[in-house]
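Note that subunit A is present in both complexes that follow, paired respectively with subunit B and with subunit C.
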Partner chain A sequence: MNKGMVLEKSKLSYWLRQLRKEMSLIGPMRGENSDIVFKTVENIHEIVLDCPASIPSPKEFLFPQKEKMFRYSKDGVENLRGNKGRLIFGVRSCDISAITLLDRFYGGKFVDDYYMSRRNNTIFISIGCNNPDITCFCIGLGSGPFLSSGFDIQLSDLGDRYLVEIGSKHGLEIIKDFIHLFSRPKKLDYDDQYEAILSSQARFEKRINLENARQKILSGQVNDSFWEVVAQRCFECGGCVYECPLCTCFNVIDRPYSPTDGVRLRVWDTCLFKGFTKMAGNIWPAEKKIMRTKRWYFHKLIYYPEQFGKFGCVGCGRCTITCPGRIDMATIASKIDMGDRRRKGGGG
Partner chain B sequence: MSRIAEIYLPSKAKVIDVIEMTPDSKLFMVMPEMPFKYKPGQFVMFSLWGVGEVPISIASTFGVQKHIELCVRRVGHVTSAIHRLKTGDDIGIRGPFGNAFPITNARGKDTLFVAGGVGIAPLRYLINEVIKNKKDFRRIELIYGSRNPSEILFMDDINSWQKKGINVVLTVDRKDKDWRGNTGIVTEHLNKAKVSFKDAHAFICGPSVMIKAVMQDISQLGMYEENIFTTLESHMKCGVGKCGHCYADGKYICIDGPVFSYREIRQYNLNCTP
Partner chain C sequence: MNKIPTICPYCGCGCGLYLHVEDGNLTGVSPIRSHPVNKGTLCVKGWNSFEFIQHHERLKYPLIKVNGEFKRASWGEAIALIASKLTGIKRSYRPDSIAIMSSAKCTNEENYLMMKFARAVIGTNNIDHCARLCHSSTVGGLAETFGSGAMTNSISEIVSAKVLFVIGSNTTEQHPMIGMHMLDAVNRGAILIVADPRKTQISDFAHIHLRHRCGTDVVLLDSIMNVIINEGFVDIPFIRRRTENFDAFEKVILRYPPDVAEKITGVSSQDIKKAARIYAIEKRAMLFYSMGITQHITGVDNVHACANLCMLTAHIGQPMTGLNPLRGQNNVQGACDMGALPDVYSGYQKVSESDIKKKFEHLWRRRLPSRPGLTLTEMFDSILDGKIKAMYIMGENPLMSDPDVSHVKEALKKLEFLVVQDIFMSETAEFAHVVLPAATFAEKDGTFTNTERRVQKIRQAIEPVGESMPDWKIICALSKKMGYNMEYRATHEIMEEVALITPSYRGILHHRLDSNFGLQWPCHDLNHQGTPFLHRKKFTKGLGTFIPVDYIPPAEETDKRFPFLLTTGRIYFRYHTATMCQRTSTLEREYPECYAEINPKDADSLGIKGNSMMRVSSRRGSIIVRAQVTDKVPEGTIFIPFHFREASANLLTNPAVDPSAKIPEYKVCAVKIELVESKRDQKD
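Showing the complex of A and B:
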């Protein structure tokens, strides 16, 4: 697909206003603590672009932190699956890359109907990143700062205008009724986008090589004494998991309203918690913290590539912002990768 | 748009009978509103409204009767609530889930079943299936250990299996005054099996400590690791490879298992003695 159009910046808010008549519009805005959060847009001018990463990631719109699955009563079960149409504006490339992978995870032999029905009714407008954050490392992973596929609509900020790329049928849907707002792109527009991409790529401060880290783990160069130190620094707060656009674990709980009536919910959970794998009879398969820490890293660095051919990390940098123990993906992967070199250089 | 299957929605089922088997296990006869086909080794998610959902192996044999049988040991929150169920109560059922015991390759060979405690339940369908096609298999033997004589489950089945020519070795940890049979744990009786270990397939089910010991011992007796099968347990919340609870060493016990060969267990380092 990937057809290009050009939209003058002055026309963006008109376009969004029109789209909002048909579906709810969600975008990045300043939260109470000046964090960036995605929420329903009341005033279009409150959308903030060129801002730090949102906390949490927009995965919550497809896989909410807490979701009612169904209601049970004497009359049977009623699915409470939500699927109202939504337009999510201002999503980052890395988050779109994560969603592309989530589509495969929640699909497969058993399709997660809660995720998929939301996904089928959600359209994303993503924006290529001209100014990566200091925590960003999508650049080594092909998950940003600009994408060549996987998006519905991708905007590239060219100063006074956006290059608008259409990457899916969903994307085409929200353009075709407003075609009068857009113009055909010229060679100059593509040249400017090329420049924007180059200049963004040059700005990355973090260059993390997850592949090197993976190779070192696979070849047995990372021993348990390394993971022991990592585990000691883990507070088991679960922050990385809740914010990571690719962490998917959940728990299921029943909330009874009366003896015969209630709802079953699913809520985010994390493999870093000790009780996550607990079994009856006081059996704790991942009793030691090191087992859980390794599990998180191995899932993202070893098993994700085995299963999907991609890392379970898109380099969004959220865990770097969040982790109070400084054992985030970027830090640990580069420690694994650089370990040898630093030791050779002396000091340690 | 095509309708998406509702994989988390239990369908209604009715408890049509409850049989007390031992002080802590009961056999539930459950009639699902929507009947389903299943294979030996598969499990269902058993739901109690307001309490929760747990994985339980199917202990009945498909095609024999319309209802399914589930043997539940009372060990915690949900299983205690299940034990309070009475005939006529409504429950929820999802499934069947998981792979099945592979028996195609066992044809033409000796077959050894080793069960401990309620571990006999998931093997029951498989044993029936092998006996039904007895002429395709060589020697068929069962070694079954229980805590004490009153806890031997499915005695009727065992008698009928013996009549059909399978060699059964029963053993108990603690004998009572009437018990004339074997005592001790199953591993002490593995050498009683007259199967030719090099050319046999084994199917093992029971507490995880027992499983591990038996797998080790029979592989030492000469059986190939890829011919030794067991079913693993883990904390499960979805049964469909999404919640992550059963995930271990790159495998989802719920969809890649619960049946694994000893070879796979060693290769993936799957935790069978947590």
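Showing the complex of A and C:
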């Protein structure tokens, strides 16, 4: 699809206001101090677009930390899956890349009804990153800072106007009634977008080569003593999994209000807890921390590529912010990568 | 979908988090990235702190016990019953026959009202809370030496320190986000010294790990000071200008050379010397301690020893240089600050000083008692002695947390009247005559004060579930019924009163706490920006006082019948008596049952394998727990976490208390261990 349009910045709020009549509008807003958080937009002019990465990732809108699945009672079962129409505005490219993968995970062989119901009722307007955060490393992974496909609508900030690219049916839907607000793009607009991409790329602090790390692991150059040191630093907070736009662990729990009725919930879980794989008979297959730490990295660096042809990491940098042990993907992958170069005696 | 900034309800780090709310439902939490303590991180408890709030087992309406069974009651009935009972007991005995337990989980405003209720409405100083069980030795001990019992530095200073000396604190597990700052400091080249009999995560990162025997902290610290004095590392100008009583102190210290200490503590004299030199030479040195220091019959002595060490080397009163007791509960600092203690009003103003009493009498318009009240550990004895007839417990669970719980149970049964105000039906609440449903941190406004003295706002995210009410509203309603008008439209009005009467909180008003994550007390006026570190230029009490401390062995030592030392503590996935995390699926799952850590050598000699069940008995009781064979504990010592209802470690612990702080000795008691043969062989 990928059709382009141009929207003057001054017209953005009018457009969003019209869209808000049909769906609830969620966007990046000021939180405490310098924080940016995604929440329901009360005042459109308070949206903050030029902002650092948000915590947590927008997966919370498709797969909330706590979600009611169904209510059961004598009268039967009532499905409680979320199906509210929502427009999520101002999402980052890496997160769109992650959602594309999540769609394949939850919509693949086994369709996750709860995820899909929310997904089908959610439209994302993403924005290319002119100013990547110091923790971002999507650049080496093709998951940002600007995308060429996979989005519903992608904005590129060109100073006084946005280049608006339409990437899906959903995206087209929210433009077609307001076509009078948009104008046709000229060559200059694409040139300016290219310029923005170039300048953004130059601003990245981090370049992490996950492919090198993967090769090193596959060729057996990373031994357990390395993982031992990594695992030792893990606080078992679960933050890396909770924050990661690509992690999908959950746990299912029942809340019996009475013997005959109750609610089933699912909550985010993490494979980093030993109880995650606990089995009946008091058996803990992954009791040692190193096994769990290693598995998280193996899943993202080895198994994901095998299954989906892509890394289980889009370089959003959230785990770098949220890991109290400083053993986030960027740090560890570059340690794996660099450690080896040092052995060969080469420089950085 | 909204995100309400508030403060984590678990530990004293006081991390900032957002509660996510959608249509009145909590759907998750996320960390506040710009918060100075957690900086975008949370520990597992913080991450899961939303789950228990709307749990179906929450208390939703008041309950009155009729013929041994709880019956639903209206607020009107419950309040009227409590008011008439308390008034009756107050009249027919005397005000001092009523005891009140306030709560380190509740807000400052609520603790202030509770102590006002105790003193002005009931007319007794019998008010205390769980700080008695964790840091009363700090509050008392540091008041004598420095004049103020709180962390002297700020958490954000840790990362720039050069030496971190951590004693008796399992920091990464109990104060995870402080642990994070410590590891960051180590990454930046700081030297880490850990003194702890157990191997812990933080000790894995230590450059020096001193594994002294449980209960020998005084000897260890005294011998470190002995080295500092003998090798000439003492900061003489500091001692002359800013301290007193050095000579008496020095005499005692000279009795503890490292080779003597080696015999008592089991730590090599080489290590003692090394630690002493490293700590003394570096200027930016921070000393941290926690329950491993305070929960002993010598808790106050231990605290004095830490304070002495800081003064001896002038490691106090500068940024990144000081003495830092890590407070456990989210608002234990605040509950102490607010005077939920038997001997002081808010801001540690003594009830026994007549000027101060008069000041409060004027403000509250009531005659106030001047004799300090009973401490929490004394309250239960007094019930059995027949001196206490009624008890009002807000948000605490002494039946799990206090030492020798069978004794507590007996006491609770004997009460004529017991009110428990809590969010869940706790073990203690089962014994109550009236149970009142309280609101959680997510359902009310107010402030918490974290361990670095930072007063921070919590904000209401959802309506209270069922008919539950914020504790402060309940106290107001009850007071009114008892003929004392407490009228506040909102919590900021309570804080205004606190500020009016409390010098260290004078500049702390709610509207000033909105930006920059609150203010650190002391904050003397409305323009004061708070105090990141204490004792600059002079100690709060003027001169710092050296208090000589001699070694006193633990109250109970091992013998033939009880050859092992038992030490208790918390584990990372659980919190205190587990009323909240038991209702949090992830936390509950990780450690579903109690266990005991035992050294492989000891296990071998007793024929115990991993996962065997063993019976652990002390002079007071006995429990059965699963063995975890690990070299985390030294030989001759076992460790049991105290959170589990089925195997409550506090059935075993010794209620012996520190003579002045009355803190119980949780960290040492003597036990014996037997293998419990199972009918079928345990499968591994």
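Things to note:
Following the convention adopted for this analysis, the second predicted complex is superposed on the first by the 339 of 348 C-alpha atoms of A that agree within 3 Å, B and C clash if a C-alpha of one lies under 4 Å from a C-alpha of the other, contacts with A are read in each partner's own complex, and residues count from 1 in each chain.
By definition in this document, a contact is a pair of C-beta atoms (placed from the backbone, for glycine too) under 8 Å apart; a residue touches a chain by one contact, two chains touch by 3 or more.
From a predicted model like this one, the values you see are computed outputs, not experimental measurements.
Once the two complexes are laid over each other on the shared chain, residue contacts for A:267 go to subunit C alone; subunit B is not touched.
Once the two complexes are laid over each other on the shared chain, residue contacts for A:322 go to subunit C alone; subunit B is not touched.
Once the two complexes are overlaid on the shared chain, A:306 sits against subunit B while remaining clear of subunit C. Contacts of A:120 after superposition: subunit B is touched, whereas subunit C is not reached.
When both complexes are overlaid on chain A, the residue A:190 reaches neither subunit B nor subunit C.
In the superposition on chain A, A:253 makes contact with both subunit B and subunit C. Within the superposed three-chain model, A:72 lies in touch with subunit B and out of touch with subunit C [touch as defined at top]. By the document's definition of touching, of the two partners only subunit B reaches A:108; subunit C does not. In the superposition on chain A, contact is made by A:281 with both subunit B and subunit C.
Subunit A residues in contact with subunit B (one complex) as well as with subunit C (other complex) are 251, 253, 256, 262, 269, 278, 281.
Of all residues in subunit C, those touching subunit A in their complex are 1-3, 5, 16, 18, 20, 22, 25-35, 39-44, 46-48, 50-51, 55-56, 172, 176-177, 179-180, 183-184, 187, 201, 204-205, 515-517, 572-573, 585-586, 589-590, 592, 611, 683.
By the touch criterion stated above, subunit A contacts subunit C in their complex at residues 24, 26, 31-35, 37-40, 52, 55-56, 60-61, 64-68, 232-233, 235-239, 242, 251, 253, 255-257, 262, 267-270, 273-275, 278, 281-282, 321-326. Remark: subunit B residues 1, 4-10, 12, 49-53, 75-76, 79, 92, 208, 233-235, 237-238, 240-250, 255, 271, 274 touch subunit A in the complex.
Contacts from subunit A toward subunit B in the complex involve residues 69-70, 72, 76-77, 79, 81, 105-106, 108-114, 116-117, 120, 248-254, 256, 259-260, 262, 264, 266, 269, 271, 276-281, 283-285, 295, 298-299, 302-303, 306-307.
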